[in-house]
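Both complexes below contain subunit A, partnered by subunit B and then by subunit C.
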Partner chain A sequence: MRRADPALWLLRAVVALFILFMLAPILVVVALSFTSAGYVVFPLPGLSLRWFARMLDYAPFLQGLRVSLQVALGATLLSVLLGVPASLALARSHHPAALAAMTFLLSPLSMPMIVFGFAALFFLSRIGLGLSLPALLVAHGCVCLPYVVRVTAAAYRGLPPALEEAAEVLGASRAAVLRHVVLPLLRPAIAAGSLFSFLVSFDNLPLSFFFGSPGTNTLPVVMLSYVEQQFDPAIAAISTAQLAVAVLLLVLADRFYGLGRLVGQEGGG
Partner chain B sequence: MRRLLPLAPALLFLAGFFVLPMLDIVGRSITAADGSLTLARYALLFGDAFYLRAMAETLALSAGVTLLCVLAGYPVAYYLVRHAGRWRGVILFTLVAPLLTSIIMRTFGWQVLFARRGPVNLLLEGLGLVEAPIRFTGSLGIAIAALVHVLLPFMVLSITPVLQSIDRRLEEAAAILGAGRFRAFLEVTLPLSWEGILTGCILVFMVANGSFVTLLLLGGGLQTLPLLIYQQFNTTRDFGMVSAMSTVLLLLALACLALQLRLVRKGG
Partner chain C sequence: MALWTRRGLAGATAALGLSALPHRPARAQGKSITVTALGGIWEEAVRTCFAQPYEKATGNRAQVLIGSPTQWLAQIEANPARPPIDALVTIPDLAIAAVQKGLVERFTVEKTPNLVHTPEEFIAPLDGHGVLFDYGVAGFTFHKGRVKQPPKSFAEFVERTAKGEWQASLPGIGYAVTPIMLIWAMAKALGGGVDNVDPFFEAVRKMGRNVSFWNSPNDFENALASGDADIGIYFDGRTWAWSDSGASFAGFLNPSEGGSINAIAIQKPKNASEEAWPYLDIMLSAEAQLAFAKKLNYGVTNRLVVYPPGLAERITPWQQAAFPPYAEIAAKRAAWVDRWNREIRR
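Moving on, here comes the complex of A and B:
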């Protein structure tokens, strides 16, 4: 029915450019990670895994990876323990105080991270935490909390209250309702929130940067100082590995919890 | 009371470890070395040409990046909602994939693309457009492209839901009344999607104001507030001045947040 429509073709061209623009910088790094050359050159002179080997040889990377994993797992656990009960308490209330509390819990999303990093360093040093793993955990926890709260609250709002009422009518205590009805139904949401929280913490640079010390340098901090000093494909290898793990986590989470449904809810048509 | 109990730990945690540190910075910015109150740092920030320029460059860069994101993001959101069909999955993937990559990977990607022997120079030479590789390093254009790359998905994802909620019969009505397609878009669709555009703009502007990794690695010759915070923290270690600049960024972010909330309330 539709004839060749110049406006639509223009729109298509814009979208094609958009896809190229968004994917090119990522794909080029993935390609570079398999180069056999010792520097950045295209076309790749040959394929090799030497940069992945280099990544495993370079002690600061591994040390950074360990710190990042500890911080991301710890901050995520902290956010779930704090965030899930708070989301359940707030999600269904329309009271102005509840809305204000929700805004407050989500507010770290809007604050410039470099400012919070600087502020947290001073404050936590003052109360004796300084450049330590617990200090990093607490700072990351503040940033991860909103992700868990947002996803959990949205999912809880979507649960029909009738389910809980039915359990209560049948004589279940509030604790039993939470344990046997609400939490099992919210498990995919909590898993999704935890995954976001983990990825956000793992990739956080502006915050971790201020807590730099040999024992508290996270992977992004180590990578930043590496790229500031040299321009070679080692960063490509480590970025590609990180991307692969993130994709794997997402696929696994989708398999076990059906994140697709959760994320796709707003998709519509 | 029973409602407050599950809420208290999260609120106390943020109050203690998020709000207090920020207030501490504000306090530090107005406290002189001898402990007395002072506005000297703000006098310097708003009186010295160097700092005024840094603030102007921060705002100008964020505004420019926001504008580019609207111009590029609106057509993509429009296509995604109205025409995507089987391309929908590809576009959604394109929007989400960057969120799985580290900020360093993306920044590094721009360095690689425009490296002396990178793909762009290869292409330009292959097409015979240049004879020797161009040195792109440190160009402002690449830094801006990299910032847009980070922020564009947020813009598209802000506009999409609003476009989706527009009743298409309104456009049909405009067409029946004799409006051309372009005029119907300009006078019906665009005004109705205003809210999504504004939401996206505030979000992008807010995040752009605080970003520094991109400019730090790609250069571009700008001195923005986050860069100055980073540099002065590392070199001069004048923490009073760093606190004052941080406070300015903080107030900017709070203003954006307030605007965002007003918009949400109005939208109901």
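Moving on, here comes the complex of A and C:
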């Protein structure tokens, strides 16, 4: 019988504590959403679904959720349509202009989002987009773009050029190579970038904050305004619902694609 | 099957995404106006007390925009020729900034007849370019079970906190109105004022580790409920709303020197729809303000308002509170923040 390695047990304990440390705040929020109390108190005096009823009763929550889903989908689509071609064009080039363009595309990651949102509000207002859903989509698209570009470009760099050369030698046109060789091989990377984009947009507050209008208020903006005035467990209920959307997405991604492929643990294609 | 479900998923996704496209740029014009509201119960009160009477009286539509004053001021600044907001609610600091930037219009009795029922004290701070229509008073909120005899004055609060009778929790410098509700209010009560806030910093030094700071109202409520704090400086209306929601242990007391008035202003951006004036007039009317006060437990400024029994005991009369010199405080804000960061460092 093998003796237990103390170092291994210590490592396991540290990992378990780390996971608990990361999950505990989320678990507390989920638990609070089921409280029967009228204010935030822990431990729970009783269980109730009243705060989920309140969530459904307060129309701005549901409107905000709908807008958030629309914006996240639209921004993800926009960033894929722009990011994938840009990645294919720039990833393997060593030309200084290509490196500069790639840095430019990734630059929103290095900028505080509140600054980006403030600047985008003035810029998009100046060119006539003002406070509108297209303006919100453009702003979110800019922030989502680096996630698609980064993941797709890295995957494309790792793809042996010989695969494309072989297809061309066998008579495939550039379009056919792209459609039948490159894009299928990049599909896991594009899917992973899209998932990151969606989640980044769905949770975004600093950008959406500046573009709120009666028709374009996203859920995080509504939640912030609500919690500033009324700190009841309804905010925990809507947070739980928001979490459920994210988990559902991951489950769907796993069901239709496999999370292992998304994170690169299994072969793509 | 997998292919079908993938297509189905893609179709549903596309449908949801495409439903986003036909939106027009938000622009308040014609017979529809855009008005602002803070979230939660505030927004519900705005809809019931102001938007619905306005729609009934004019036949126009009032679209309610939820958010925060900082966001709205930025949106108006970005679109001065076509402001996306027609009727603005905001905090005094930002209202003064909007006046100084020339972004808002002057109120007149011709445009808002109910202005005659508003005391000059609530018109003068904005030089008529807006009116303070609602206010809360920042006094002592305490746990009735743990603080049997709450302090009656700021001076007594400081003395007893310094002695360690309780753990106090005060608004921190990260909270927007701390310069008004704490720094100025305590300095004034202890013999200083807007030009001399030394008494406040001296008091904080004296209270030492018996005082902690909160940067969000929710933090204070959590601290009081959990036992991390026994007493603090907080708003009357929020305390009553919290008490009504089940936190019956929470009590409120206005200090004898008078807690500071923390008001909400209403303004009309330049170039916004003229249809906003009847809405703003309704916001100034006694009937609408009384309905608003009943929902939020905050005081209102129309002198014709008579609070019913029960509510009257909760509302702190503005004459018994301290009226902050908002513009002067706004001018000192940066220096006070800097001094806080150097001396208090919490």
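Assume the second predicted complex is superposed on the first by the 237 of 269 C-alpha atoms of A that agree within 3 Å, B and C clash if a C-alpha of one lies under 4 Å from a C-alpha of the other, contacts with A are read in each partner's own complex, and residues count from 1 in each chain.
FYI, a residue touches a chain if its C-beta (ideal position, glycine included) is under 8 Å from a C-beta of that chain, and two chains touch if they have at least 3 such contacts.
What you see is a predicted model; the values in this text were computed from it and never measured.
In this overlay on subunit A, subunit B clashes with subunit C.
In the superposed model, A:E228 makes contact with both subunit B and subunit C.
Judged by the touch definition given at the top, the superposed model places A:Q242 against subunit B, while subunit C stays out of reach.
Looking at the shared chain after the overlay, A:V40 reaches both subunit B and subunit C.
When the shared chain is aligned, subunit B comes close enough to touch A:M113, but subunit C does not.
When the two complexes are overlaid on their common chain A, residue A:G83 makes contact with subunit B while staying clear of subunit C. In the overlay built on the shared chain, the residue A:F210 is in contact with subunit B and with subunit C.
Which of subunit B and subunit C touches more residues of subunit A is settled by the count: it is B. After overlaying the two complexes on the shared chain, residue contacts for A:S125 are found with subunit C alone; subunit B is out of touch.
Judged by the touch definition given at the top, the superposed model places A:G74 against subunit C, while subunit B stays out of reach. Once the two complexes are laid over each other on the shared chain, residue contacts for A:L11 go to subunit B alone; subunit C is not touched.
After superposition on chain A, the subunit C segment that clashes with subunit B is 223-231; the remaining candidates among 133-141, 223-231 or 277-285 show no clashing C-alpha atoms.
In the superposition on chain A, subunit A positions 40-42, 118, 122, 126, 209-210, 224, 227-228, 231 are in contact with subunit B in one complex as well as with subunit C in the other.
Subunit A contributes residues 37-42, 58, 60, 67, 69-71, 73-74, 77, 118, 121-122, 125-126, 128-135, 137, 209-210, 212-217, 221-222, 224-232, 252, 256 to its touches with subunit C in the complex. Of all residues in subunit C, only 2, 5-6, 9, 13, 16-17, 19-21, 23-27, 34, 38-43, 63-68, 71, 74-75, 77-79, 82, 84, 216-218, 221-222, 225-226, 241-242, 245-247 touch subunit A in the complex they form. Interface of subunit A with subunit B (complex): residues 7-8, 11-12, 14-15, 18-19, 21-26, 28-29, 32, 40-43, 81-83, 85-86, 88-90, 93, 101, 103-105, 107-108, 110-116, 118-120, 122-124, 126, 138-139, 141-142, 145, 149, 199, 203, 205-206, 209-210, 220, 223-224, 227-228, 231, 235-236, 239-240, 242-243, 246-247, 250, 266-269. If you check the complex, the residues on subunit B that touch subunit A are 3-4, 6-7, 9-11, 13-14, 17-18, 20-22, 24-25, 28, 72, 75-76, 78-79, 81, 83, 87, 90-92, 94-95, 97-113, 115, 117-119, 122, 145-146, 149, 152-153, 161, 164, 181-182, 206, 209-210, 212-213, 217, 226, 229-230, 233, 239, 242-243, 246, 249-250, 253, 256-257, 260-261.
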